[in-house]
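Following this line, the structures themselves.
One chain, chain A, links the two complexes that follow: it is found with chain B in the first and with chain C in the second.
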Partner chain A sequence: MSALAEPGPEGRAVRPAPLSAWLRGVLIHGAFFLAVIGTYSLALVLDPGLRRFLPTIGELLQALAGLAVDPQFWSGVGATAKAAGLGLAISMVGGSLVALLLATSTRVYDSARFLIDFLRTIPPLALIPVGLLLLGPTTRMEVTLIVASAVWPVVLQVYYGIVHLDPKYLETARSYRVGRLLQIVFIVAPGVAPSFGTAFRLAASMTLLLAVGTELLAGSDGLGFLIGWYQQARRLPEMYATIIVVGVLGIALNAAIRSAERRLFAWAEETR
Partner chain B sequence: MNNTVQGRTGPASSVSAAASGSAVAVLDVRRMGVSFEDGGKAKEILRDVSFRISAKEFVCIVGPSGAGKTTLVRCLAGLSRPTSGSVLLDGEPVVGPPARLALVAQDYSRSLMPWLRVRDNVRLPLRGKGISAAEQNARVARALGAVGLPGAEELYPRQLSGGMQQRVSIARALAYDPEILIMDEPFASVDAQTRAELEDLIMQLQRASQLSVVLITHDIDESVYLSDRILVLGGRPAGILQEYAIDLGRTRDQLETKALRQFAEYRSEVFRSIQAASAMMRKDDRP
Partner chain C sequence: MNAGNVMRRLFVSAWMALVFITVIWIATTQIRSPFFPPLPIVLTSFSNTWFGAGFMEHVVPSMINLGAGLAAALALGLGLGVALASFPLANALVNPYAQFLRALPGVALLPLMLMLMGTNDGSKITLIAFGALWPILLNTIDGIRSIAPEQRDSARAYRVTPFNVVFRVLLPGAFPRITVGIRLSISIALVLMVGSEYYGATHGIGFYVLQAKQTFKTADMWSGVLLLGLIGYVLTTAYSAIERRILRWRPTDDR
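After this line comes the complex of A and B, so read on.
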């Protein structure tokens, strides 16, 4: 079997991208980024009136540096991370349990489908008045609102992961008298894991957005609250700096989860 | 339904019950029948299927598509229970997947777990059975060597070609150390060249061991080439319509054996028998 030495064309996912491709990516993105900054600075120079509500790059950098040593900012980061993390954890656990329940029979799924579709199409921010009314501007309200929206992608992803697990795998195991527990460990868990990973990524991005949005609109503690507060205090560079921090956090989170997914579920690459 | 039963002609369905006599039967199928409930109507798939498989015997079951071959396999492998009659393995009724029986399916891509390395795929059936880890690994290495994939342990199935993946599922069956191997159209999804290689591989493995093999196929050449005996499955409901002892010796060769006049004769006999079975089934299908 000399052919063994050369894995099939699908073997690519295992190999990392070559350095030159990586370098080219960095250059292209860097150039684009610099172009945006350049255009922005130029606009401020050409029309100084804009500076009433837009900071210069210098002010922005200064504000970012200021935030880095501002305990208030860091406690905001902590509050947002806590609410989003808690909301994410509850959404993942609760959503997975609901998905398991739905997967028990098609009848359960059919009867719950309408309710789920209804609940998940409610715009998350529309629930803020309800949350405020029932729980006030607290972290508990924030977590509740986060879960109320982020739980649905988890439910659907995990549910599809479970029902799309090929029964042939389990039947093969059964024909070899592989016990129930071993089936769960070696077949069900790894088979559903990629869907779980996707659910985690979707829910993580959502929880961050929801946390900041809720903080901004409902006034619970965190980065969103700080954005609103800086705006009212006319500390615009800080306001923009905080917005940038939120955006970078979201991108970093998504990229980190994606790369973990790619490493953990390399076997599932071609199926997604 | 009544119509179908009356319309059933052709060779007797239970011809083989007494036919394959002498050696001790490993697998003994007695008047097995299978019916399904289909939209409130009972649908009879198999009726009065009887045959015996002896130790070290290579038997192919051929039949037109839709004859209930897969249903038969599932009953032999203990994945379904027959509605009537019985399947005995070493004299014991089969009520679930038996320990000394291994099943190799057609679709390797759906039976090898894509998330497990070759080692763990082959090893999975050995887990939880009181076999030491060292012994498990030794068996995996031996089985992979036997199918011509030594050292493939660390690879994932998707890094292997289709033929190699099917070799892995054969290795998995061998590592399980069965006395009977049931193969459900095992070579139907690979190219012709690979198919010939795998046929020779499985024949050579069977000759070198105590293994009985029951191979389901719709390929007549394959059945004649591999078998000591061929059973033709057909009819509505299906039964064993014909049985052929294939006397081509134990050493066979893709070119020489297939060039033999006897080979051609067996081939046309089986072919005619299957044609008759299909014609009969088409007739029965008419409203």
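After this line comes the complex of A and C, so read on.
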């Protein structure tokens, strides 16, 4: 029953785990990983019919190695990275500007809220036919669709960050007659930074989804396009390998942003 | 609050949307672009299609897929979540894989689903359920693990039955986190619903929109996009209202 007395997530990370515990973790996870792979391979051996849909581990590794030296794959990675990076950058800058505008007065926010709530709840991808019709299967279309969806979490997060600034700091600065610019640089910017980090993380995962989705569904160049193309060409190991690459990209992006948030904003009371 | 105040607040929250609609109305009737048909024509198409045959043909299948996928994700997510949270070792082992699958954009699996299960509704529902599962599952586990150990210990000391532990201690305690997971899952499910209807489909709102685009019926296309926007808005708003109601017992400051 010791399982029930397990401390919650807050209980962890009080002191760094000793090396032996770390090693044990690696061993246990490694063993489990091997067991998963073993079960998978065994299933393929026992029921060869499955091999019509599922590649063997060997085929998968071969496909991954093949992709690593395939210029077509790398140009797909480049196209996705370009569209996603551009879309993310525009969303961050544009969203922050909109948030600043909204935060100028509660009147502005109350007025714009309905419109923003409507626009941000349009399901991403719903606009693909519109984008295709207006811009064709181009990077420009992809970036536009990314921004149309990824800008909203930025707007909301940054807005809440600004609104929830403790007014005491600004009042103190004012009573010491600190200039407007210095207030923004030393009080507003650091105060909003953690929300900006959260916005970046949310927008980044939205961006990856939109980039891959648009490429697959609208046929603009990139990893999503390759997934659909490999399926149609019946190159299944390559299709699975590309899906794995996309998933690894997603989790690596998320982990990198989270760890950056933890490092940069450790001083903020909670990392959201 | 008196009537004047209500009117004023209504005006403040509505004027910008009204201006936006008016601008679009005037602009689309003036420019006469084939891409942006006049708003009245879009609205006519909207009422003809969605209050007519299109409702049974496209809206109902879409909503059934969405509902079935979400229901499956909820049942699986809560069940697996309780199970995994009770076995820390199993949870630790499975967690990396669950994190990977959550980070994987569900649309990337569309060709795979098409190949494995074909273009029927079962394949769409499976994909929606698959995508919507992870936020619910991971938030359920986190929620249960963040319940104070004293609460479980006292439940154990009073010999509360396992059934009651799950339904009166663990799930209610984890509920604030679970609602966050459900909210994320709803938006993921919407994305996958639309996406699956763009990829080898024969009905559904997304299919209708794409079809209208391919045959250059732009008014029909915009009416479909409008409907998708409305569905997204209504679902999100309704869920927020339900969430607020369910979580009324919580102190408001940490929401």
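Note that in this section the second predicted complex is superposed on the first by the 234 of 272 C-alpha atoms of A that agree within 3 Å, B and C clash if a C-alpha of one lies under 4 Å from a C-alpha of the other, contacts with A are read in each partner's own complex, and residues count from 1 in each chain.
Here is the rule we go by: a contact is a pair of C-beta atoms (placed from the backbone, for glycine too) under 8 Å apart; a residue touches a chain by one contact, two chains touch by 3 or more.
Small disclaimer: the values here were computed from a predicted structure and weren't measured.
In the superposed model, A:S175 makes contact with chain B only, not with chain C.
Of the two partner chains, chain C is the only one touched by A:G247; chain B is not.
Using the contact criterion defined above for the overlaid structures, shared-chain residue A:A268 touches chain B, although it does not reach chain C. A simple residue count on chain A separates chain B from chain C, and the partner touching more is C. Residue contacts after overlaying the shared chain place A:P190 against chain B, while chain C stays out of touching range.
Contacts of A:L216 after superposition: chain C is touched, whereas chain B is not reached.
Look at A:D166: by the touch rule set out above, it reaches chain B but stays clear of chain C. Judged by the document's definition of touching, chain A residues 1, 3-4, 7-8, 10 lie at the interface with chain B and also at the interface with chain C.
Listing the residues of chain A that touch chain B in their complex gives 1, 3-4, 7-8, 10-11, 14, 166, 168-169, 171-179, 181-182, 186-187, 190-191, 193, 265-268, 270.
Residues 1, 3-10, 25, 28-29, 32, 36, 53, 107, 110-115, 117-119, 121-130, 132-134, 205, 208-209, 212-213, 216-217, 224, 227-228, 230-232, 236, 239-240, 243, 246-248, 250-251, 253-254 of chain A are the ones touching chain C in the complex.
Against chain A, in their complex, chain B makes its touches with residues 77-79, 96-97, 99, 102-103, 105, 107, 110-111, 113-116, 120, 124-125, 127-129, 148-152, 155-156, 158-161, 164, 172, 176.
Partner chain A is touched in their complex by these residues of chain C: 9, 12-17, 20, 35, 86-89, 92-93, 96-97, 99-101, 103-112, 114-116, 142, 145-149, 152-153, 156, 187, 190-191, 193-195, 198-199, 206, 209-210, 212-213, 218, 221-222, 225, 228-229, 231-233, 235-237.
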